[in-house]
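Letters are used for the chains, namely A, B, C and D, taken in the order the chains are written, and counting of residues starts over at 1 for each.
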Amino acid sequence: VRVVLGANRYGKAEVRLVRLDRDTPHHEIHDLTVDVALAGDLDAVHLAGDNTNVLPTDTQKNTVFAFARDGVSPIEEFALRLARHFVATPSIGRARVRVREHAWRRIHDHAFERAAGTRLASAYVTGRTEGGTESVVGGVVDLTMLKSTGSEFQGFLRDRYTTLEPTSDRVLATDVDARWRFAAPPDDWDSVHAAAKDALLTAFAGTHSRSLQQTLYAMGEAVLRARPELCEVRLALPNKHHFLVDLAPFGLDNPGEVFYAVDRPYGLIEGTVRRDDAPPEPDGHDW
Amino acid sequence: VRVVLGANRYGKAEVRLVRLDRDTPHHEIHDLTVDVALAGDLDAVHLAGDNTNVLPTDTQKNTVFAFARDGVSPIEEFALRLARHFVATPSIGRARVRVREHAWRRIHDHAFERAAGTRLASAYVTGRTEGGTESVVGGVVDLTMLKSTGSEFQGFLRDRYTTLEPTSDRVLATDVDARWRFAAPPDDWDSVHAAAKDALLTAFAGTHSRSLQQTLYAMGEAVLRARPELCEVRLALPNKHHFLVDLAPFGLDNPGEVFYAVDRPYGLIEGTVRRDDAPPEPDGHDW
Amino acid sequence: VRVVLGANRYGKAEVRLVRLDRDTPHHEIHDLTVDVALAGDLDAVHLAGDNTNVLPTDTQKNTVFAFARDGVSPIEEFALRLARHFVATPSIGRARVRVREHAWRRIHDHAFERAAGTRLASAYVTGRTEGGTESVVGGVVDLTMLKSTGSEFQGFLRDRYTTLEPTSDRVLATDVDARWRFAAPPDDWDSVHAAAKDALLTAFAGTHSRSLQQTLYAMGEAVLRARPELCEVRLALPNKHHFLVDLAPFGLDNPGEVFYAVDRPYGLIEGTVRRDDAPPEPDGHDW
Amino acid sequence: VRVVLGANRYGKAEVRLVRLDRDTPHHEIHDLTVDVALAGDLDAVHLAGDNTNVLPTDTQKNTVFAFARDGVSPIEEFALRLARHFVATPSIGRARVRVREHAWRRIHDHAFERAAGTRLASAYVTGRTEGGTESVVGGVVDLTMLKSTGSEFQGFLRDRYTTLEPTSDRVLATDVDARWRFAAPPDDWDSVHAAAKDALLTAFAGTHSRSLQQTLYAMGEAVLRARPELCEVRLALPNKHHFLVDLAPFGLDNPGEVFYAVDRPYGLIEGTVRRDDAPPEPDGHDW
């Protein structure tokens, strides 16, 4: 039997980079974690340990820092600039650069407090011989939301292992991982990001939820309707369970006030919402 | 040789509790993690496995939930109520109840987004036979701050292992763990908390820092000067290093703009600041 | 423009289950984390909040526990039994059940110590109307290995951002994530697992490494050659960097003895090795 | 009111260091995380930002690496050597150096697999003007153990919040944090460590447990009886709950076989066991 090499890629992961912009009256801060993954003509290194075509991951890290000299914001553009650069290397046919930007809030002229929520951008670029395509994804991760009412779960399928009681009013909480694909580069990446994030929050808060799946779809649809530049949204929403505590053994009622929050297990709802005219995406982009 | 039992305690740790207040037009949310630690007449259980005096940790958890029925805010009071209850058990002489409250920001009538920063309260109460004392500590943890200028480090001691260059302008970043002891119960726990936290932020941002030790002392002093109810502040400040990247190999300068953020190792500065008339604290309170 | 639902699935994640087998002279322990993900006829719940076809994730959790009554080992079979059960539900067309088994080492008749390394199994089953296919993957994760010699990295591509020096002797360390697909169910899942894991360790230790890519391919090939039941191996190998410390400023040499271990960034090498006669896999199995 | 500086210290935390010993036929590996904390004449830096007496934490890190050139094993000695060095600095009166050694298991001549369990050592040394004392602590952390039988919990105190049922046979699991103080330096640190760890395991496995407190005391006593060089043991044992799953709703019994493992909350049992002739310890050593 013959053994062969299949899909492969390599890169530097979790480059931690802080960029200060000092040419404004008040400094700006951009705090990033960057992941690079490259693929190309890499059979020789796998099969024979021949590194001729291998751009070291150390070089990739250096490149991230050097490119940061010219600015890193908006991160969708920074990811694109880096990915385009990497595929200009002859042996590198495909580059995926993913950037997470950690939020800070200004508390004083030049002082900041770390805030919740992370903006994400991922650019996937193929070299000329592989089609010369570009695909950009934006998103938010580490965004935790909770509704204290306006959520129910009933009418579900029951089998012999079902013990769950239907509920007409529950706490709904989730850590949003939402990523959206651009049909084409927008004029203003920041305004698209702001509009998409706002649509997510509004849809989560405003949808009377019969299930987390329904909320997921509503959030995805809201993002797509908010900005025509976006054509596809992928969401992963853990259902962070909050169970009502039974206080009856202590002679107390519990009218929806005292809950215990459970870490594991959790529900996990994943789904894609897209426009029916979404352009195709080049193969190989893991958002 | 004789082997003897020394200091000991036990309890339930990390009880995760969410309390919704529903009697206001817009719900309020309080998201807590509670740790209980009890000590007392516990020789028999250690030496002979005799559980007669052992209030189960499961009961302690139940008690936390039951007490939450009457509200959990401010957390300093919730911790006190619980600690007083536990020392009413004859075999329990000392109780420490520590509560962390995780921040949420309202995004809609009944919808919330998790925010950065955690409020902390710790109450230590001894039973009548152990003096009947009460000690309360408040604080903040998980508060990450960064200054992009106004920080230097020079004039330090050098020995044969010193290679560090002095710097007149560096990035200063830290995860604040700040805890303050109350000299006496205040009229309004919330306003003390707000004033103390504000003092921390203002001192961090406003102090021209020659060292993180100096900043630590300034932060502690600011907290004490902000509120006379507070008599002692303990701070633990990691120095989260941000190193300027050398871009010269790539033909670029780097005028304080591109940094790499390092996870480990980190400096760790710990210190206490107190009023010289601070009342003594009962033995045994680990804040 | 029309917005439509794309790929989606849901399930219960991270069910923590410990199974004791007591019918042997010495108890056996199996410590599992189980993830379930189901897909099927789920448009109505996303588009209209109609839960008729939704088997609750709570029920999925119950099912995992109930099935554990009949044993959980080997985990490849446990995952298959669960996945087959779920697709017997009419509205559920596809089920992926992933199981991680955390290692324990016996220290006494009925006492155990947690050990390093986690065994993984993932079964993907489609219902009759979707082809009735079955795909099983095994593997190991959380397996950290290090070679203190026999690893070099030189002859690599250089560009204007390259500063790395070639090395003929470096420390090579990685956290192995290795997963292998079964061409067909074997007679004995445990013996395949043992042989595949042994092949991984031997190939890592025994390959003189010119790059981590070469080591990755050697590890994958060794697994495939060890057992004909396996047809495809996917590996993700972080390059956990250990940098030689420059002790010259202190008047000391460092002949490959003192290293600092860096958390981030790290290289990440991912690749697939397969037999050229590997049978196709049903769409949709995320290993 | 006057504000004053209280207890304080500073240092470099989490220095990650790997030491290879190459002068044996097969390399030896020592994988350490080192924390340094120094105290002394540091008022000026806190009050006025005067760094004259401040040995930089960067220098402390360099020192750790430089001292590693002469070997790092046994870690109790390495910690002592470092602490003695630091208090030779005139402004530094007290040094605590804590070392954790992460376990590796040889899988081949020069290849290793990471194993569970971490050895700990902590040396606390005061300078001549502060008494010139030395205190050494050893221990183990990250050691997870489980007994599948031989553990009960009954006869406990009940109050109005107690709902727990007594049990005569439960799963007992814990993550051991055990630290022991040396009365005097032993001839052979490694053999004391091995004997103490073995005593812990044997006592955990061999004690029929009526409560985790009883097991804790038995473990501490076993350590002290194993080696006369040790005079005090401190243990922190979380009670990692494993709850029997009720399978009755599915028509199944559950004779002690299927459990769910809960992350939070957990019991936490802390205690000290000492010889009654234990010498006093210098103030200020946080083990």
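Keep this in mind: a residue touches a chain if its C-beta (ideal position, glycine included) is under 8 Å from a C-beta of that chain, and two chains touch if they have at least 3 such contacts.
As the structure is a computational prediction, the values presented were derived from the model and not from experiment.
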Seminar exercise, completed: Taking each chain's centre as the mean of its CA atoms, the one lying farthest from the centre of subunit D is chain A
Exercise. If you tally contacting C-beta pairs, which pair wins, A-C or B-C?
Worked result: A-C
For this session: Provide the C-alpha centroid distance between subunit B and subunit C, rounded to the nearest whole angstrom.
Result: 38
Exercise. Quick one: subunit C and subunit D, Cα centre-to-centre, how many Å?
Worked result: 32
Problem set entry | Distance from the mean Cα position of subunit C to that of subunit A, given in whole angstrom | 23
Exercise. For subunit C, what residues touch not just one other chain but two or more?
Worked result: 15-16, 62, 66, 161, 163, 249-250, 263-264
Exercise. Hey, which residues of subunit C end up touching subunit A in the complex?
Worked result: 1-16, 35, 37, 42, 45-59, 61-63, 66, 89, 91, 153-159, 161-164, 209-214, 216-217, 220-221, 224-225, 228, 232, 238-239, 264-277
Seminar exercise, completed: subunit D residues touching subunit A in their complex are 160-161, 163, 249-250, 263-264
Exercise. Inside the complex, what are the residues of subunit B that reach subunit A?
Worked result: 15-22, 27, 29, 31, 62, 65-66, 68-69, 104, 107-117, 143-150, 171, 201-202, 204-206, 242, 245, 247, 249-250, 252, 254-263
